[in-house]
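The letters A, B, C, D, E and F name the chains in turn, as written, and every chain counts its residues from 1.
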Amino acid sequence: MASSMNNLGIVKRNIVRADKAAVAKLAKFGVATIHEAMGRVGLMKPYMRPIYSQAQICGPAVTVLLQPGDNWMLHVVAEQLQPGDVVVAACTTDNTDGFFGDLLATSFRARGAVGLIIDGGVRDVADLTEMKFPVFSKAISAQGTVKSTLGSVNIPVVCAGAVVNPGDVVIADADGIVIVAAANARIAADAAAAREANEGDKRAQLASGVLGLDMYKMREPLAKAGLKYID
Amino acid sequence: MASSMNNLGIVKRNIVRADKAAVAKLAKFGVATIHEAMGRVGLMKPYMRPIYSQAQICGPAVTVLLQPGDNWMLHVVAEQLQPGDVVVAACTTDNTDGFFGDLLATSFRARGAVGLIIDGGVRDVADLTEMKFPVFSKAISAQGTVKSTLGSVNIPVVCAGAVVNPGDVVIADADGIVIVAAANARIAADAAAAREANEGDKRAQLASGVLGLDMYKMREPLAKAGLKYID
Amino acid sequence: MASSMNNLGIVKRNIVRADKAAVAKLAKFGVATIHEAMGRVGLMKPYMRPIYSQAQICGPAVTVLLQPGDNWMLHVVAEQLQPGDVVVAACTTDNTDGFFGDLLATSFRARGAVGLIIDGGVRDVADLTEMKFPVFSKAISAQGTVKSTLGSVNIPVVCAGAVVNPGDVVIADADGIVIVAAANARIAADAAAAREANEGDKRAQLASGVLGLDMYKMREPLAKAGLKYID
Amino acid sequence: MASSMNNLGIVKRNIVRADKAAVAKLAKFGVATIHEAMGRVGLMKPYMRPIYSQAQICGPAVTVLLQPGDNWMLHVVAEQLQPGDVVVAACTTDNTDGFFGDLLATSFRARGAVGLIIDGGVRDVADLTEMKFPVFSKAISAQGTVKSTLGSVNIPVVCAGAVVNPGDVVIADADGIVIVAAANARIAADAAAAREANEGDKRAQLASGVLGLDMYKMREPLAKAGLKYID
Amino acid sequence: MASSMNNLGIVKRNIVRADKAAVAKLAKFGVATIHEAMGRVGLMKPYMRPIYSQAQICGPAVTVLLQPGDNWMLHVVAEQLQPGDVVVAACTTDNTDGFFGDLLATSFRARGAVGLIIDGGVRDVADLTEMKFPVFSKAISAQGTVKSTLGSVNIPVVCAGAVVNPGDVVIADADGIVIVAAANARIAADAAAAREANEGDKRAQLASGVLGLDMYKMREPLAKAGLKYID
Amino acid sequence: MASSMNNLGIVKRNIVRADKAAVAKLAKFGVATIHEAMGRVGLMKPYMRPIYSQAQICGPAVTVLLQPGDNWMLHVVAEQLQPGDVVVAACTTDNTDGFFGDLLATSFRARGAVGLIIDGGVRDVADLTEMKFPVFSKAISAQGTVKSTLGSVNIPVVCAGAVVNPGDVVIADADGIVIVAAANARIAADAAAAREANEGDKRAQLASGVLGLDMYKMREPLAKAGLKYID
């Protein structure tokens, strides 16, 4: 992580975003598939929910660390956005205030951002839904925020229990949010593709009535573990 | 409950499901109506929510006790399912992992199951919604599970605060989930029907402007209890 | 607040409702806008959620204080309702039982009420959604209630963290619920209108790519606060 | 409540504190007794806990409204304290940061304050315990706060669900925190004394084996309500 | 469970309490040991906490089902108590009110009861601590309760997630609360004794520096599971 | 973080522990002081609590990632412990089971470990308290765990919201838990010392009645921010 003790008040301008082709490939898969394909790392906590039911996001992370009740740094982060970016906003403490609304969404979209992940609250959700600007948050709240205290932009953050480095790929859908390290984007996309191909065959077998017990050859290990059938 | 102390590692194959006609009759009524008609027993806690807004379930319970982060027994339970069954999954401890997804739903449906109640997490909710496979859960999470430790199938379980015995009727809708003991299914269905008939008349009176105060003859008991009107 | 120590068992019949024109004007604005325009007072806690996604309410409050698991006073409050009123129900302690359902909604609507805010549970939500009777609550629960213990009607209450006096304006939408004191209704409506007008211009600028950093002239105060840009 | 819409940025210097003799009398009784004696109004929510097990507070409230993550106003409130006062700190939104520690406690004590009720976090709890400075809070957290944004002093606040006006009596012990309106302090103290006297007799009867069923003459109402004894 | 649908309003007088010698033997062991010895069934949820740090309880359960905010049935249950009994109080819905205080404790003790487990709130905790009357609860709250609505006594209840039948053994200590079915009390006590004997030897080995890896022969299964050591 | 996608099943044997002298110096300061001195980074969430009130820990972290309901890796981590080490245990998902008890504490102590931080549950807390083995956890639970699934040892983990790398310094006391990166240990210790020296003088001034308003020269910025005094 940061080598200096105090990482507040810093904006890092140049970050290495994950490979575009890998990001595009990851966008085809669901969060559960990618999380499995990666060996189950990088998942955010399940309290994070989309503001509308079809919300989906995939893109490289631009990170921001907020102070409670203060959205100043969301204006600072806007300038660092490039087309396709996803803003990942952490907070120094638990806070559900409405840090983000339709004006910031308008600005983020004008810069090309494709969504927001925020470990805090969001407001103007009817407008955001109409705009189809996807946001995953831990709360919806009309409570406004001030612009008084510095956080940072593009430092590593812990957001909803997951470490996010700037440039990492963020994938979000109805099942949650997963972070793929930029260096792993290609291999994760390939692994997800392999897993999904594999799932199609399993689904067909299960649909035809084959049991997972047989398809996965579980009967022997279950018996060894001591499973007993009684009538 | 179970007479042996240790009820892990057991699959009971033969269970007595509630009477089919009674189940079919119960399916016509809402959870709130049935819960009232039964004298207010058997309701699960309100943290259980449907994964899509129109989800509804009615059928006899096949129960399963899971270990945290382990969905092995969901494969075991699949083999015990008969058409119309509802799987009720409890866990030995609080856990929100994604125990269940579209592959298991495909398998459950192939066996004839009509839904899942799980005191834990579920994933692939977009697929499950498209499949119209109704699930009521306490969380949505992409977090996968292992297949390592035995639980049991068709033992009595406590799921979201309600005792569920195999074969009991499970009714779930937007208001929550209620369990009707298999032996009470018929009488509960009749009581629900009586209650609903009664409600139609009340609704008409209230819609016409009659007050509950008068319809239910509450003015006297309110006055006796000491209610005072001031200006 | 109430000068007598014990404010249970009282129904106040004559209350001063906020000015109708002001209420009508407030109905045009969102909760976030009104809350900002008022200087950020009167917001309920964000755990309060609408039972369907398009729910919206605006009207003067008729307040009721309930006992846990007891909805007797909801029948008492029905008689005090006038067209356009919003019922605001608080409870003497945290409780998620289903105090309110489609029968009471039918009665409230027959009296002209336009919605319910309840710091408790609600049931029959499918029916209420079909009726388009908007309710904001902290829970959905089929658990029924008794009619045994007195609360009060039209006393000041604390509902979801906000003080509500009878006659205050209640505005609720997807972002939450805000209370405007009756005496402030006109000035709040004017302030909201001013704020919204102002927002249109900001939105256009942000949409054209102007940064909030420049539009709000934040660069100098950020630099003063010590913000450093690194590469 | 406040007639102006915006009540931030205000310090009210002159407040009317509850009668000293009444405060002294209230200090002799427990929170549960006083709450009962007052007809069960004014209790804070039970998430508020003392930082050490013997903590007890009784005195007139000096109120302060804080912003999340910001303790600036605790320095402002210090100047308004008189011997015997209790600081009641609310926050504009849910926040658990450590707003208060041993330095502020030293300052508050130097001004004569006898305790703090804070709907937020506190730190230096080992020092505060050694100092025997009683604090009731919703959290313990080392997270520091900034001094950037105005709140107010001596305005009415909602703290942990209870309305507190400046000058009201605050009584806190192991059972929780109750607020007695300044105007009611005398009558509440008398009612608490009457209640406690009454309790001594009841306790003796119960200790001798008399049942509450008989002492409170409950057998008849229980039978009327339908209670059935079975073997 | 109960064969009738509605189990409210019933007091069962004759229950079969667990064998006294087995109860006495179980009292020698901790909750964790007994829970393990029984195969890990019957544990209440960990939100239940003792009101003072040394609290311990062991005895047969007399059960009571309460209504929210209503402690009427605690007076009814008092009459059913025999020396050594433990009252286990469940509630029809989540509720944290102070159902129980020092007067009821005086009455329970006069009847010989040795403690209370309540899935709700308790008050007068300073007095209860001084009396050394052990209570395990989910909350401490001064909020009083009414005496208006029937529950039941000595029916099976779900308390903090565990099924409790009248006469079952309740064991509670700092680690939590476990229920042993009356029929299993003897065998559970023996199993706990065996387990504890076994633990003494393990403790000595571990204290001498032997690793669990070797004592439990875990190295081979860990290697088989794929564990890799790197430098 | 880890360069491979899958970091499960790994035990890193050689880690660089923070400088001993710096650790010893940090042990003299409280968590709040160190957290402030470091610029407010590295604090765990406030739900982590000590199992007894005087618990304190300071030492280099040996990290372990657990699976829910599975404490196998706690036996693996024991072998990697050196005198003075602190075990920091994270879990792949939220879980409150009792992963750790007096046997493991005996083993950890035999290896020289001085405490445990666990984002999960712990049991045998009466024994651990008697042993004076300090543990900070998110829950106390008698629920036992299995030994079936691999986690890892000495990989970077997120524990209670804070990133912990093996070798980092862990400081825990009544105010919470803070992590100091190994490379920053010396400078953090010096900064904490400077801060504490500074606090002594402030405390003396405040104790003498000087107000923070004057000592920190807040009157002018408060006035600039718009603070108004009224009577």
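Keep this in mind: contacts are C-beta pairs under 8 Å (C-beta built on N, C-alpha and C of every residue); 3 or more make two chains touch, one makes a residue touch a chain.
Values in this document were obtained by computation on a predicted structure and should not be read as measured data.
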| item | value |
| --- | --- |
| Intersection of the contact lists for chain A and chain E | B, C, D, F |
| Of A-F and D-E, pair with higher C-beta contact tally | D-E |
| Intercentroid distance (Cα basis), chain F paired with chain D, Å | 32 |
| Rounded Å distance between chain C and chain D, as computed from the means of their C-alpha atoms | 27 |
| Chain B and chain F, separation of their C-alpha mean positions in angstrom | 42 |
| Chain C, residues touching no fewer than two other chains | 40, 92, 94, 96, 141, 143, 149 |
| Chains grouped in pairs wherever the two touch, ordered by label | A-B, A-C, A-D, A-F, B-C, B-E, B-F, C-D, C-E, D-E, D-F, E-F |
| Parts of chain A lying in touch with chain B, wherever the complex brings them together | 30-32, 35-36, 40, 43, 46, 49, 173-176, 178, 199, 202-203, 206-209, 211-213, 216, 218, 222, 225-231 |
| Chain C to chain D touching residues, read off their complex | 1-3, 5-8, 38-41, 45, 92, 94, 156, 158, 161-163, 165, 181, 183-184, 187-188, 191 |
| Contact footprint of chain D on chain A as seen in their complex | 67-70, 92-97, 141, 143, 146, 148-149 |
| Chain B-facing residues of chain C, complex | 9-14, 72, 75-76, 78-79, 96, 98, 101-104, 106-107, 109-111, 121, 123-126, 129, 139-144, 147, 149-150 |
